[in-house]
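Shared between the two complexes below is subunit A, which has subunit B as its partner in the first and subunit C in the second.
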Partner chain A sequence: MAEAASIGRSPLMDWFDKGIGLAFPFIVALVVAAVVLLAIGENPLDVFALMFAESFGTQRRIAATLSAATPLLFTGVATAICFRSGVFNVGVEGALVIGGLCAAFIGFTLPAALGLTLIPLAFGFAALVSAIWLLVPGFLLARYEVDEVVSTLMLNFVAFGITGYLVNGPLLSEISGNNVTPLVHEAAQLPRLMPPSTLHTGFLIGVLVVILYGVWARRTPSGFEAALVGQNKRFSSAVGISIPATIILVMVLSGVISGLGGASHALGQLHRFADGFSPGYGFTGMAVALLGRNNAIGIFLGAVLFGALASAGTTVQLFSDIPLDIVNIIEGTVMIFAVVELGRISLKRWRARR
Partner chain B sequence: MIVDQVIAASLTLTTPILLAAMGGLVNRQGGIVNIALDAKMLAGAFVAVIVSSMTGGWFVAVLSAAVAGALVGYLFSLVITRANANMIVAGLGLNVLVAGFIGFILNWVYDSSGTLRLPDVQLLPKFMPDFVSGIPVVGLALSELEPLTVFAWITVFTLPFLLANTRIGLWVRATGNAPQVARAMGISGRNVQDFSTAFAGFFSGLGGAHLALASIGLFNEGLTAGRGFIALAAFYFGRDRPVTTALVCLLFGFLDATQIRMQTAGLPPKLIGTIPYLMVLVALCIAGWRNHRRKAVAP
Partner chain C sequence: MLKSTAIACGLAILGMGMPTMANAADVAPAALIIAQGGLGDGSWNDTANAGFQAGLKNTGIEGRPIESKDVAAQGEEIMRRAADGGFGLVISLEWIHGEPMEKLAVDYPDANWVIMNQTRKGDNVASVVFGEHEGSYLAGALAAQVTTDESIKGINGKPVIGVIGGVKAPGIDKFIVGYIQGAKAINPDIEVKVAYSDSFGDPAKGQQMAKAMFDEGADIVYQVAGGTGIGIIEAAKAAGAYAIGVDTDQDGMAPGNVLTSMIKRVDVAVEDIINNYADGKFPGGEVMDFGLAQNGVALSDMKHTKDMIPAAYLEKVDALKADIVDGKIEVWDVSTQGYPDFFQ
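After this line comes the complex of A and B, so read on.
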């Protein structure tokens, strides 16, 4: 759309257009949040300023923000990689949870003597299992046209059920209460970057994933073809791109990345798997991908933004007794308005009239 | 005795899923996959508890819950039909948004995190005369009957007629199944879809009211426990047919009611809980495989 509009326009206008497009859902969300805050008699500007300070104010708060953003880097890319090919994969959440469990499993069952090799083993196993997990709906879609939205949504609940059973049964830690596996060996824990903050090397892996995604999407034939499938299926198959192969490719890649994300969260953040492993990282990742318009830089910024909201939300609740749920209100609004075409359509019409 | 209890519990646990599924299937026949049934159930349950406590009347509470659900549904529909939002993402977003709003109000107005316990909440009345409990096997289930369960099952058996023989029923089906025909007939697809989404919200709201007012009389953030998605699974498995869907709901209700008993038999409840979702996956696979074969046979 931006391409079509840019013919005969100044590049400045085009950038302005893009910027508004990217910021639109977030602006709406801030307005909604501001109305809610006004309704309870708080000054929204004060609250936003406090939230900003709590997420970027000091080195420690920045570390907390980036730490909260880490899983979102993975889930954002895992979602975007499918969305840009027109595959509506909503199963990143389930794949992340499965990956987390697999990584933790490797981390506490294999002998500690393996030392640092535990980490690649755990990441590899998590990526493998999560890839197979999403290969199933990918195959069903590619071969039998089984609606991927419903199949991946259902698989999420299956993932919660299986992992919930395992951490309460066969994999339950003997020493620490309910719903958790044993801790992984110390050698399998990802090093912390800025102690005492929980920011860990998983963040760097996440950034690497985002960069690799950006290179793949913009600079490789395979990434280009995948985007083409998303834009026009008939054209793509006419020029010889295999649609089923593309669907399977993006679903497997999405699974691999979700698995890496789960492994990073298990080995870096929790050092184990626990019931309620993910407070909806997969769904927030969807908001991140939509806000970032499937673009690598956009995804990075989106992940940091939602990480900031999450880390600021907790402390804002502590200091100003504004409920943490304001974060959910913002997230939900962003998701809804990221897919609304109201603004862009009217802009297009306005252009057409001139 | 155990049989009596299982039947009664299954019937009670079926009702909320059944109500939401009836709404959802009409919505899907109208061409909208409503992934936000859970949000509307949650909103319905929340409103039901508050209104029931304020007015002390179950009927007003149930009606307000339904209207609240319908209102959320209508607004949701506008986002889809007028602003061309993707219904899946918008639906998932609405689930997050509604949960956020409710949590916010809960925290701010009632100063509680998670659970809302209010005085004088009136529960749904059990209206059957006392002697029915003496009937063997189904006696307990009959004596536990309340208006919403009865209403849900009346809906199951009238909905096929309404969809097949009334003007609005035909409009809904035409909009979902043959949009071109609907347009050619001069039906406003958007308005019909808005109606069907509001309808789904209305019924999900009723389902939420049942969850809150059938026996516990309080609201909790985790009250729906994904039942909106179970309802989605039910009408997907029941292929949008009211009676088939109702039977599937009954099966899910039965699974829900027997989970705890099966645990003592060595079957973990968490795994039993995945059965509805696995059933949908299997149903999707079979349907996809059939279509595939049909296409392969056709020239």
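After this line comes the complex of A and C, so read on.
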């Protein structure tokens, strides 16, 4: 989409446009939050200053923010990769959870003697299973035109059911008072980047995924074809692009990236699978993709923004009487205005299908 | 919509009513990290927060409850930030925070750390465990008396009762063994049916399993299965029989069909810790056992069932409680003693 818009316009204008696109929902959200804060008798500027300090104020807080942003890098890309082809995949959440469980499973069942090879094994298994997970609705859409919104949304519930059952039953840690699997072997835990912060190597993998996505989308024939399918299906068919093959490609890629994201979170952050593994990273990833207009840099910035809100929103409670609700309001408003973009996608899809 | 959110938000802040922020003898502030489910769960978190607020009020210490939507992953950062930010006492209600807390306690030797339902090492870490076996003993003793009394509605007179655990694990068998021991103390020949639902979140399965037990002649079933237990209570209501609730007061979930509930008083534990902390007597390195003697576990007030249970039965339960507190009766604790002969 963004690519098409840029034809015949100066790159500067294009960047300005994108900047506004990214900032606009956030500015609206701040205004809304300011109104709420005024209504409850708090000074919005003080609160925002505190929130900024808690997100980026010190090296440690920056690390906390990037740590919170890490899963969103994966889910943002996994969502964008489908959205830009007009495939409205909302199943990233489920694929991430499945991937996380698979990675943790490898991490604690295989012998610890495997050492560092556990990590690629866990990532590989997670990516494989999550890819198959999203291949199913991809195939149904490509072959039988089964609406992917419905199928991927429903698959999320199946994923929650399967993981919930396993972590409550067969994979439940014996020494646990809660629904968690055993810890993965130490060798399978991703090293931390800036100890003592929880920021881990998964962040670098996430950044790499974002970069690879950017290169694929802008510099490869397959990435260009996928974008073309999102813009105009009839035209794409006419020039010889296989729509079903594209749909299956983007769904599988989305699954692979979701699986990597789940593995990164399991091995890097929690070191196990647990109830509450994801507070909705997949859904926040949709907001990240929309906010970033499916653009690699935009996705990175969007992920950092939501990461900052998540980390600062919690720790400001230590130093003020600001409840978590304010952060929820900001997040919610950003999402609503980011979703304005969503209307464009569905309209386009509707046109393309006719 | 926005307006109502704002109002709700404002009310939430008013309702929070931070108590007197006086610097009580320069004691560093306290943080209470809310577990999954968040405030407003009507259960574990809310109960603990009530004790937290009461403790702050008593001692004049400053303190705040901390909520997060992503409490599993953010726990370590929140706790570290609290210690960096000058908090002297960090209590986490989230089970999964035990692992990182053990490491943080080493990095921050001046802060005091509290974790629930598990024991963690560290001179500045207090582990809170509850005497669920003692509370379950009283539940078993009450159930054993009621189950043979046909004058009580829904009771068949057979000495058969049941218990359904969420999973076969020492943490759950601690309840079950206490319950069996309490029942046998009343009637050595009683049959206690034991089953595991292999799930803490499956009410439908709980309902089926409880129904099966009621069909086989049990008329009271103790639920130690979290969310699965909702189905067990439903089944009791449908069968006109009785369930026993767990963790919080579940008597009101099916008034008249929940005989009693075995309550964990996390509020008592949190308040107690804050008082000790304020007095400079933080129980670092200790495992704090909140049993019957500490009022850390208790049977519910039985608001809906008290009138149908003969007073003599309740007196017997009170007498047994006194004996446990005095040390005359020792209730088997699977989590520290392993499995007894009468239950493998």
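The rule is simple: the second predicted complex is superposed on the first by the 322 of 354 C-alpha atoms of A that agree within 3 Å, B and C clash if a C-alpha of one lies under 4 Å from a C-alpha of the other, contacts with A are read in each partner's own complex, and residues count from 1 in each chain.
One rule holds in what follows: a residue touches a chain if its C-beta (ideal position, glycine included) is under 8 Å from a C-beta of that chain, and two chains touch if they have at least 3 such contacts.
In this text, all values refer to a predicted model and were calculated from it rather than measured experimentally.
Asks: Clash or fit: subunit B and subunit C on subunit A?
Replies: They clash.
Asks: Check whether A:Val339 is in contact with subunit B, with subunit C, with both or with neither, and answer first, second, both or neither.
Replies: After superposing on A, A:Val339 lies in contact with subunit B but is clear of subunit C.
Asks: Examine A:Pro244 and indicate which partner it touches, taking first as subunit B and second as subunit C; both and neither are also allowed.
Replies: neither
Asks: Should A:Ile329 be classified as contacting the first partner (subunit B), the second (subunit C), both, or neither?
Replies: The answer is both, since A:Ile329 touches subunit B and subunit C.
Asks: Is A:Met154 contacted by the first partner subunit B, the second partner subunit C, both or neither?
Replies: In the superposition, A:Met154 contacts subunit B only.
Asks: Between subunit B (first) and subunit C (second), which, if any, makes contact with A:Gly124: first, second, both or neither?
Replies: After superposing on A, A:Gly124 lies clear of both subunit B and subunit C.
Asks: With both complexes overlaid on chain A, does A:Gly57 touch subunit B (first), subunit C (second), both or neither?
Replies: In the superposition, A:Gly57 touches no partner, neither subunit B nor subunit C.
Asks: Taking the superposition as given, does A:Ile162 touch the first partner, subunit B, the second, subunit C, both, or neither?
Replies: first
Asks: Touching A:Val36 in the superposition: subunit B (first), subunit C (second), both, neither?
Replies: So A:Val36 meets both subunit B and subunit C here.
Asks: Please work out whether A:Pro44 is in contact with subunit B alone, subunit C alone, both, or neither, and reply first, second, both or neither.
Replies: Neither partner.
Asks: Pick from 203-211, 275-283 or 329-337: which stretch of subunit C gets in the way of subunit B?
Replies: For subunit C, the clashing option is 203-211.
Asks: Let me check the overlay on chain A: which residues of subunit A are in contact with subunit B and also with subunit C?
Replies: Residues 36, 40, 164-165, 168-169, 280, 323-326, 328-329, which sit in both footprints.
Asks: Which bits of subunit B are touching subunit A when the two form their complex?
Replies: 33, 35, 79, 82-86, 88-90, 92-104, 106-108, 226, 229, 232-233, 236, 268, 270-271, 273-274, 277-278, 280-281, 284-285, 287-289, 291-292
Asks: Along subunit A, where are the residues that touch subunit C in the complex?
Replies: Where subunit A meets subunit C, its residues are 32, 35-36, 39-41, 54, 60-61, 64, 67-68, 71, 164-165, 168-169, 172, 174, 176-180, 183, 196-198, 265, 269-271, 274-277, 279-280, 310-311, 313-315, 317-319, 321, 323-326, 328-329.
Asks: Sort out for me which residues of subunit A touch subunit B in the complex.
Replies: By the definition above, subunit A touches subunit B via 36, 40, 88, 90, 140, 143-147, 149-151, 153-155, 157-158, 161-162, 164-165, 168-169, 280, 283, 286-287, 290, 323-336, 338-342, 345.
Asks: State the interface residues of subunit C toward subunit A in the complex, per the touch definition above.
Replies: Counting only subunit C, the residues touching subunit A are 2, 5-10, 12-13, 16, 18, 31, 36, 64-74, 76-78, 80-82, 84-85, 87, 95-96, 99, 107, 117-118, 166-167, 169-171, 198-202.
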